[in-house]
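Next come two complexes, and both contain subunit A; in the first it sits with subunit B, in the second with subunit C.
Up next, the complex of A and B:
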């Protein structure tokens, strides 16, 4: 009950839009075990290491970052598919991280997931009909329907399944088919239908289009957007493709080594990225237009992502940062702070965000800067 | 320490006398009417590549763009002679310095592959041998094609890995592929391909498995190579963004045939084939205004008709009509110079895309 009050208080502070999900100080650490007889824990992989975010109802939050930055783990921890090590995940007033098994199972009806690889996430031995009816069965929606339709609840299930198929753009004939009989885009539609059939509030889509052909990606992106308008869904879209994420998200969070380094409305983020990592990430994304490509100034990042088991001291990005300064960067860990003065509504975890914005701090090594070529 | 081959920049000096200085006007690789058909015993023949022709000059990067099943990878495998002998039939001509690679003897081809022709594959994990240290896989190429001692090969391999941007190369030489990160594995694979300073490099989706920041590093490395060495490069990819930044000319493939070919600026500014146009309209762009829905191409790349009956793209094309049901549409020049298109209803010339 106390939690209800707290979230209500938070809502009134945040404005008229109700926040559906708020994540506070979330950490997911995986132990590294070693030893033949006794599994000694020799360290932890800090996949998610202190993330705070708010997602208002009906909005889309995009999470971007490179592989290994913890974006998928964060998505899974929100649904408690991974057990959080610390922190709170408050979904509609209840802390999911503390729910017991049965209340959690009930809560999961309202939170669904769309996975990256539809062939791997759909049971090859289940027909589409069986795949789509299963969630209804698991969540005992048959009981509610029985009151309405009498004993014949399977008929109402079937009606639901058929209307869902229609919604995602698959023919009724698909019911008796098996996943291998479909193309990649159609399979992803089945995965989406399975997530949507429970009429959830929150849908987490983990790389929903990256396994699809380029010409098919747009179909699935448009479908996700249409379903959001139709069903009033809240999305978390996790992807490494910033162009896709920018297209569908209202707000984007950029992750690096288990932490959010920048969060901004998606237009503002593209207009003016503030964190050095975001700046480099944006400049690395190829744009399908030679004229733009040739005029762009680009920043190359040196080296690979450091190990999340042993993140660098101070700012986690300082080992690769093209704007690194001699002081503070390798000793103090920057907090994710709102730049109230220069860029309200945006949060950045960089000591020198203002200086980078004003141009006082520049790229320190000319080798890292690639001038426009032609 | 031996002092051989420690020159800081990659140069073509000191090679066997077979190759003269780079002549950037000579055509290095010419593919003429390449056809690859696969046939299972008793089954119907499927044409994966159906009459592809293009040529590559030294120092030039030619892009081949297409979706899965368009035949772009099969083209590269056929050029390198890597397709299985059984079940596949390759016809046409692949002329490398005037010699047909398709009719060349296996031994002669094996001498060329790795030394003059090299390939970078998409998935570095499955193209590196997991039980052999990375160093040995690099030195293997050097020892096979050059008269070089084991010690010298090791020194050269270390140098190669360093130039490909692998930190601490000496330690990496004795490590196994699984100990390297994805980006480093791809760089090791590039190092292997570059070991003998090839004249022609075929890259089959070299950055698809990589993160964008690593992709930028790898592309920059490849660009430098072409500039410094005059290497000719064929870049096979599905990513139009990579093509826009890298390639000099682009061939767009659909269902085994080239449907449009043009210089990169020309292609992106004036796409004529409806498939190219559709592709450009369907991808979300980082620099485009938000809020408008994307215009997808309906259907999937599998919905094709045999080229012998009609335009293979017709089932997905918004402009298709009865006129498109013509067998073997030709690739014709439409107005502009050097911009052949295989389409009955091409996009009008003046209409800018987007």
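Up next, the complex of A and C:
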């Protein structure tokens, strides 16, 4: 199995790393209903359509892709906030996708989520204190915290809340306040505090900074990194901002139309993207240096994301691919395979990845290429 | 990402000092407290509240305020088929067609309107909230079934529904309240269900689930409290309508059967044939109904504005 080879490669590179989460063949399909009186299902939106990934403990996995590619749905399906249609989500040896309601509820302590819109994700009628104590009431303090904060539940809950506030950089005075009284960055800190207060192992951050001012984004990203070091967290960071993901991630997965098209260590991905979609995405990042910006070659991505209810045959990207080759691309669906020969440790879903890397396959149409300004 | 400052992430204490500004007061402003503050700055709300307050006070303290006992017909000998005595020193608004003091009847009428209005709206709210809450909490087939039931109720004009219920129940004391409540149930049901559906799609509900809260807790302590705002506003507005409907049903002869109980709607009916000779008999109860309804409407509208998140400053 390719997965086994890959984790073996990771093991040799960074010592023995335990895989905390492994997702296998995950699918989330939403039925499209129609009908006046009786609903009948006329099709499915394949939001997530067969994703495999492996996340070692303590690492950050960045998930990128344009809106509608299924990255948020994937994140929610991992936490089972969305029911997976098929596949396995193995978290610390247990299949989340098959857990019954009560064990799942208990398991939720260990997997938390940070939401995109901090205001919408906080109940407007709850004060910060009540927001942060609620999860503790439901699950109780984690074993690790009990030693520190004592066994008396309400006093130790409050002590834990105060220390958590301190940790995310909010004053004690925030306790009695309500979400609408804070700024965007402060609200996201509250959201982060709520996710972290249960001492989770895995935190999925769904666009954690895209609703924030640029000046605050860096602070929140730094906070997430600091908490990771402090609490030994494993992150999945979902974002469309490639700069944010690069800064925080160890490994990056690029999604297109419900599937992973490329997965690589973050620096390697930015240095040399291999999948045509990733290449196009990277070339869309402007470089803040007019001289370099003018000299580089850019690739235009034409058209919109095809409908996930009716994905294209063959390679899902072939309708927009600037490197498309005749016949094979629109008939055979490429598997996400590791390029053991040319780029070990990287997985790409493209028939011609090696040829693109070596330069044998080039952009087929001159219109799609923006030549450097001379 | 050169803006990232590693020094900042290393010092949580300095960071908390940094975030501390602008949070000097220890007490937060909750949603309802904010709404109350906005209400107290709104002139329409103040007028509405004053009218409602006056109405409630008059209704409660009717025995103290009224100059005479109600519906005693002590002065029936002064009433002739062609003339009802007008204002005089003993009777500031004159007599009614049955020889009772008109002012006394009006004051006691407020009591009747308040009781019927509040009780019927409470019953309607309870019934509607129950139906809407069940539909909103369970969704799916339960939702479809309950809402079709509500649609059927809604397809009957509300006054017609009230009239039919009152007619079927006969001249029982509670009949008019049930009749008015029956017409309100579908409105409240739809409102609460829609409001709950909107809240259920919010991120904070998803967040509650991801924190591991039980479904029951999520619905009862997160979804329902956040959905009640529009329902409460509707209840104050419905109170105004209920008072008018009480008058309408009494006018149609379906109101409280005991003629000794003063009631504005019935006063209108009895004054009908004397409209030309003694218009005050009709105008005064009519005015009472109109002003009270206006008061509740103003208050309800102001409450709606105060609770609307978009008007929050």
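Note that the second predicted complex is superposed on the first by the 343 of 374 C-alpha atoms of A that agree within 3 Å, B and C clash if a C-alpha of one lies under 4 Å from a C-alpha of the other, contacts with A are read in each partner's own complex, and residues count from 1 in each chain.
We take it that contacts are C-beta pairs under 8 Å (C-beta built on N, C-alpha and C of every residue); 3 or more make two chains touch, one makes a residue touch a chain.
Quantities reported herein were computed from a predicted structural model and do not represent experimental measurements.
Once the two complexes are overlaid on the shared chain, A:282 sits against subunit B while remaining clear of subunit C. By the touch criterion defined above, A:247 lies against subunit B and subunit C together after alignment on the C-alpha atoms of chain A. In the superposed pair of complexes, A:213 makes contact with subunit B only, with no contact to subunit C. Of the two partner chains, subunit B is the only one that A:290 touches; subunit C does not reach it. Contact with subunit C, but none with subunit B, is seen for A:135 once the two complexes are overlaid on the shared chain. When the two structures are aligned on the shared chain, A:370 is found in touch with subunit B, with no touch to subunit C.
In the superposed model, A:42 makes contact with neither subunit B nor subunit C.
When the two structures are aligned on the shared chain, A:123 is found in touch with subunit C, with no touch to subunit B. After overlaying the two complexes on the shared chain, residue contacts for A:335 are found with neither subunit B nor subunit C. Residue overlap on subunit A between its contacts with subunit B in one complex and with subunit C in the other: 186, 214-215, 218-219, 221-222, 225, 243-244, 246-247. Here subunit A touches subunit C in the complex through residues 76, 79, 81, 105-106, 108-109, 111-113, 115-117, 120-125, 127-128, 134-135, 138-139, 166-167, 169-171, 173-174, 176-178, 180-181, 186, 189, 191, 194, 198, 214-215, 218-219, 221-223, 225-226, 243-244, 246-247, going by the rule given at the top.
Subunit C makes touch with subunit A in their complex at residues 1, 3-6, 8-10, 12-13, 15-16, 18-20, 23-31, 34, 202-204, 206-214, 217, 222, 225-226, 309, 312. Every residue of subunit B that touches subunit A in the complex is listed here, in rising order: 67-68, 167, 181-184, 211-217, 219-220, 238-245, 264-265, 268-269, 278-280, 282-287, 290, 293-298, 300-302, 316.
In the complex of the two chains, the subunit A residues touching subunit B come out as 66-67, 183-186, 213-219, 221-222, 225, 240, 242-244, 246-247, 266-267, 270, 280-294, 298, 300-305, 370.
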